[in-house]
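These are the structures, in structure tokens.
Two complexes are shown next, each including chain A; its partner changes from chain B in the first to chain C in the second.
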Partner chain A sequence: MAEISSSRSLWERLPQPLRSNSGVLTTFVLLALLPFVIALFEGKPPSAVWANQAGTSKFVQGLAIEIFILAVYAISYDLIFGITGLLSFGHAMFFGASAYLTGVMLKSFGWNLWTTLGLVIVLGGVNALLFAIVLPRVKGITFALVTLGMAAVFHIVVQSRELGAYTGSDVGLQGVIVPDFISPASQRLRFYFVALLLMYLVYLLYRRFVSSPTGRVCIAIRENEGRALMLGYNTFYFKLAALTISSITAALAGFLHTLYQPIVTPNVAGLGYTISALLIVLIGGVGTLNGALIGAAVFRLLDFGLRRYLGESASFVSGVVYVAIVLFVPYGIVGTWYLKRLQIRQGWTRLVERFRHSSEA
Partner chain B sequence: MEEPAIILETLNLRKEFGALVAVADVSIRFQAKTLHSIIGPNGAGKTTYFNLLSGNLEPTSGKVLFKGRDITHQPVHRTIHMGIGRSFQITNIFPNLSVLENVRLACQALGRDNFRFLRTASSFRRYEERAWDVIEKVGLKTRALTPARNLPHGDQRKLELGMILAPDPEVLLLDEPTAGMASEQVPELIALIQEIQRGGNKTVLLVEHNMNVVMSVSDRITVMHQGQVLAEGAPAEIAANEQVQTAYLGGLYQLSPQKGQ
Partner chain C sequence: MNGLLVSLRKNLALWIIMGVLLALLIMAIRGMPTKDWVITLLRSFSAGAVIFLVASGFSLIFGLLDVLNLAHGTLFMIGAYLGWTVFVRPDTFVDLLPLGALLGSGFMLGPVWESLSLASRLPERLRRILPWMGLAAAVAILLYVLPHYPITAWDLDRYDASPVTYAYLADQGLFVPPEPEKFEGMAPALGLATVVFASLLATLSLTSLTQPILAAEVRPKMRWQPLAAFAAIVAVGLLIFAFNDALTNFLLGLNTTWLFFIAMLVASLTGFGLGALMESTLIRPLYSRPIYQLMLTLGLSAMGIELVRAVWGRPEFTMPKPALFSGSGDGCPATTLAGWLEHQCSTLLILDGRVRVYNEIFIPLVGILVLLAVWILLKRSRLGMIIRAGVQDRQMVEALGINVKRVFTLVFGLGVGLAALGGVLAGPSTGLGSAMGDTVLLNALIALAIGGLTSYPGAAIGSLMVGLLQQFIIKYGAIGIPIPFTDIVFKPTPPLVPASTVLLMVIILLVMPNGLLGKKE
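After this line comes the complex of A and B, so read on.
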């Protein structure tokens, strides 16, 4: 009894955002334990994981790191697309610009990791402002096309021969020197925790943002911007706030991407990378935030699995799967769950009961 | 009774859409703390006139003065901050948000906490409390947590009224608040508007088609016709005006005998 009460008081001493997101906290802890659990399945002691020995665990960590980075990138898209209702086709620029900046600063200029990180955050803000310049003038699909144009320009610039010495033109930036203490090769477990922590913190921050006065207005803008204006909100500033937070988040994802790979190809700045974010958000559920995280996992694992077993034809099959998802699960995984959770639970109970009856008989 | 102050006035306000002159040099002075109705046949320019007052449209020429201050070119999101609230002929709400959230957003807009994105909105209790008060006033307390799209039309009109009452504006522009309402619900809403106007000492500008309502609640009436002011005066004067009778009332509306002359 004494133990329970002390553990409860410990629970109560946790900061409120942690307590109100207990499911998220549980997931975080489970994900933190994942590398060790996998090692146990393989018959290796946790100390081997700690020492970053090669094996299934290290491989899974790598895959998970990619998912975490992708999830952070996708959730940043959900904030402007799913929450604020801004359709942008230039989101890859937020990610790609930072990925390139990190690579160039570390490789060509020999900058320290922390100054680079600072610059990446500044770049995130600048990119958001760039998109915001056109915000008051264009709406809806026009905004999507203008942002598409901006990102296309960036995509061309990084591939240009004039910048080849820094960006590696169309081959991409190779051989980025990553400091030893965060090296994905020798310190993968540490990298895993950094990426997991970033995803966790970003998710908590986004949850809070969406329920804050600012986020509520962003949702109102998505629902009916004209009415939000009439209520007295200068909607531009709210869209700018969402864009800035989204852009900085995507920039952080790009930063980690470069450190992890450590190669930057022009792909990360292309339209395809924006479409990935859009697809992930659609798979997970638009405007649900956690849908972006789940969607990222589904997207990456599907891609990984298909490529492994189908090879070249994988992208054809994955295309069919995405079309099927958009057609048959239009609200995405999380969105459908929110809508149908009662029916799903009832169906499940019925299924279990039927199984019980048949096993009794 | 001394001459009341003019709270809102327009000077030669004009709006052209291409060759169409929707509002042609309209000058009206609205006295503070009165209920002033604007009537006229469809296409007379009433809603356009409202859009010019609230900043939804930019006038081609002319001026809008609020308490003597020129507000002609104020952006639409400033209007409510100055104390002018406006409702729409076509219900204009956030359909997927709850009734409470619709009204709460209206309350929050006037505060200074819009960019405090690290605290939850529900921790700012004053907006939520104010929203509950307003919801109770317009009689939607039992539906507060319903998504607005699930409300019957009449309740949506009440919600819309609640959303412009929430920030407690001095002037309310009501564009056909009873539009599309079941006729038995109309008196209830009109009584509510009267109570708000008298009890809250507010100025109400009302566009309304129901002549019985207009004649019984208005302090003054302006008749618009083809973008121009045809007549202005107390209800009895308007009902007696021959020009109005022929151009408007006689053609489209029949005044009930006890109210008409």
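After this line comes the complex of A and C, so read on.
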């Protein structure tokens, strides 16, 4: 009894931000420890992970880095699609433009990493402005089609033979020399932590944004734009803010993508890549933010696992999985969890009780 | 005159855009010799007709059901592959017919299942689980029986029996059907009965899954028509199974022109069935959360593409042209229509330019016929009236006591049927490949955005514009555009073909956000 009360008081003594973010902190710590734990399973000392020796741990780190980058990209889509309610089919342009810009600046112009990062952030802003120009004219599905058009033009430009010297046309951009201190080959653990940190910072920032007055107006725009307008909000500026934040985040994801991948294919600027973001958000739950992170993990791991064990017919099974998710997890993983939380918890307690009773008997 | 002025003032943007585009077209035409622009125009009509067949179905579905059917391109492709099968391998088609009839027979009993599933006095939990168990059992039975079912088909692992080879043989007129297969390790009667049983089980389960549970008072009355339809379908299936060889020989002896029309009919009907099935089982539960329709149709599209790859293989192959459009030799290329009919030439000389009759005359003709037929259906029939009213205001139509659900299923089937017809038409001109669906869907989407997403005439105009723009740019890619006041000749590169249509769409949408003929909100 005394133990329980003391532990409870310890819990209560924790500062409020720590307590309300316990889930976020726990997953962060778990993910930070993950490379070392995997090395232990393999029978290697954590120092081997620290020294970036080859092995399962390094491989898992690589997969996790891809998931983190994908998650940052997907959460940026959730902000404009799930929170603000703008259906865009051109989101891959935010990602692809910055991925290509990073590669070209580092490879062909020999820029320093930090100035490139600065330029990428500026590019994110410019891209958002480009989409915002058409915002007042077109709404709903038409906005989706216009953004699809802009992204398609960018996709075609990137693939064109005239720019082949810079972009590698339809083969893709390769041979980008990444500075040694963050090289994915020799300093993968550092890269892992950078990507992990970026994902968490972006997530926390987004959560803060959504609960800020500006974010609340964005949600209001999603629910009923006419009403938000009538209440006196100039919805254009709020949409612009969401677009800018989203675009810069996607640009950061693209920046990391170029640093991590040995080759940047034109696919990252294509419609398929926007569709991936849409699917990830739908798998995770629209407008839930953490759904995008979970969705990215599910999406990438599903793709990886199916391709590994089924080979060519993998996309058939992933199609079946999407249909099954639509039918059985009606609001995405996190969305359905929020909806059915109580029922699931009740069912769980009932199950545990039943086991307890049977073991006692 | 006054009315014209008023309309001009109201639709100023529309008329200005049309004027500019017309001026561009005239300029493009004047840059070419007569025979070149005539052929380019005909090619644009051909490309436009195929895009229109996909776009019109997409727009009907989007207008009435508010569903963005991203699987539409895949269904177009499936239509093409089905048409190819009927056209090149009639023996396989005849083998599949009884199977299709027996599998579909259960659906005829829909009303009976409804009253049965409503009548069930089962406890809540059982009622939820039983349909899924029934569905799983049906699938398991089919998975066991189907490998035994005799289907004489191609073999992807052997090159001399692959679809590529069969396409070549059919084109050369050398096709000899392989020895028909028989039921293996199973009595035919037992095999057929099991298929019917699985169909009954599957449709009963599907109905109980998708139908809401109503009180006993509103239970529909049992009627005899569904039973008669069921018996008729089963009888037809069994008859075809019994007279398989005779039917195969009849189809093989038929002129390939007729066979091609049969292929078109079969593909459209199968498309209709597929669409109706898709709407009534998968799309219907999703009307309350529209955004997940995107994910569902994307998933179905991925499944469809992979299924086609598994059944017909990954390599692209061709579809031969029907006899009416494939002649060569004496009197070819024909110079008059009568000469063409007499020698059944593949090409026709118009103004000294060679025109491929199938690609440049037949496809646009079918496109126009379908345009007119659907137009008449929409304007002159009761169903069309309901569809048009539903596009305007769905709730009001429901409130007037019309069974909108059934109309939804019909329209979805109609849209998919049109896409499948487009697939068969496109087969002989562009060949078959598993990427054909995505390209045409993107083009159709662009055409619809240009013309107005839910407008039927808009779909026609948009498709025509996309076709014109693409074909003229392809043509100018060959001959080059001299830039005025300089010696430079600009040759548009292939990537400019999709880029130009996309740019046209963006410009038109920015000027007129609802498209050229879309209704204003």
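Here is the rule we go by: the second predicted complex is superposed on the first by the 335 of 361 C-alpha atoms of A that agree within 3 Å, B and C clash if a C-alpha of one lies under 4 Å from a C-alpha of the other, contacts with A are read in each partner's own complex, and residues count from 1 in each chain.
Note that a contact is a pair of C-beta atoms (placed from the backbone, for glycine too) under 8 Å apart; a residue touches a chain by one contact, two chains touch by 3 or more.
Source: prediction; values computed, not measured.
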{"item": "Touched partner set for A:R227, first chain B, second chain C, both or neither", "value": "first"}
{"item": "Partner chain in contact with A:V326 - chain B first, chain C second, else both or neither", "value": "second"}
{"item": "Chain B versus chain C, judged by how many residues of chain A each one touches", "value": "C"}
{"item": "Chain B versus chain C as contact partner of A:P213, first or second or both or neither", "value": "first"}
{"item": "Touching partner for A:A241 - first (chain B), second (chain C), both, neither", "value": "first"}
{"item": "Parts of chain B lying in touch with chain A, wherever the complex brings them together", "value": "54, 56, 75-81, 86, 92-97, 101, 104-106, 108-111, 113-122, 124, 163, 167"}
{"item": "Chain C residues within the chain A interface of the complex", "value": "68, 282, 285-286, 289, 291-292, 294-296, 298-307, 309-310, 442, 445-446, 449, 453, 493, 495-496, 498-499, 502-503, 505-506, 509-510, 513-514"}
{"item": "Chain A residues touching chain C - in the complex, by the definition given at the top", "value": "134, 137-139, 141-142, 145-146, 148-150, 152-153, 156-157, 159-161, 271, 275, 278-279, 282-283, 286, 312-313, 315-316, 318-323, 325-327, 330-331"}
{"item": "Chain A residues within the chain B interface of the complex", "value": "208-209, 211-217, 219-220, 223-224, 226-235, 237-238, 241"}
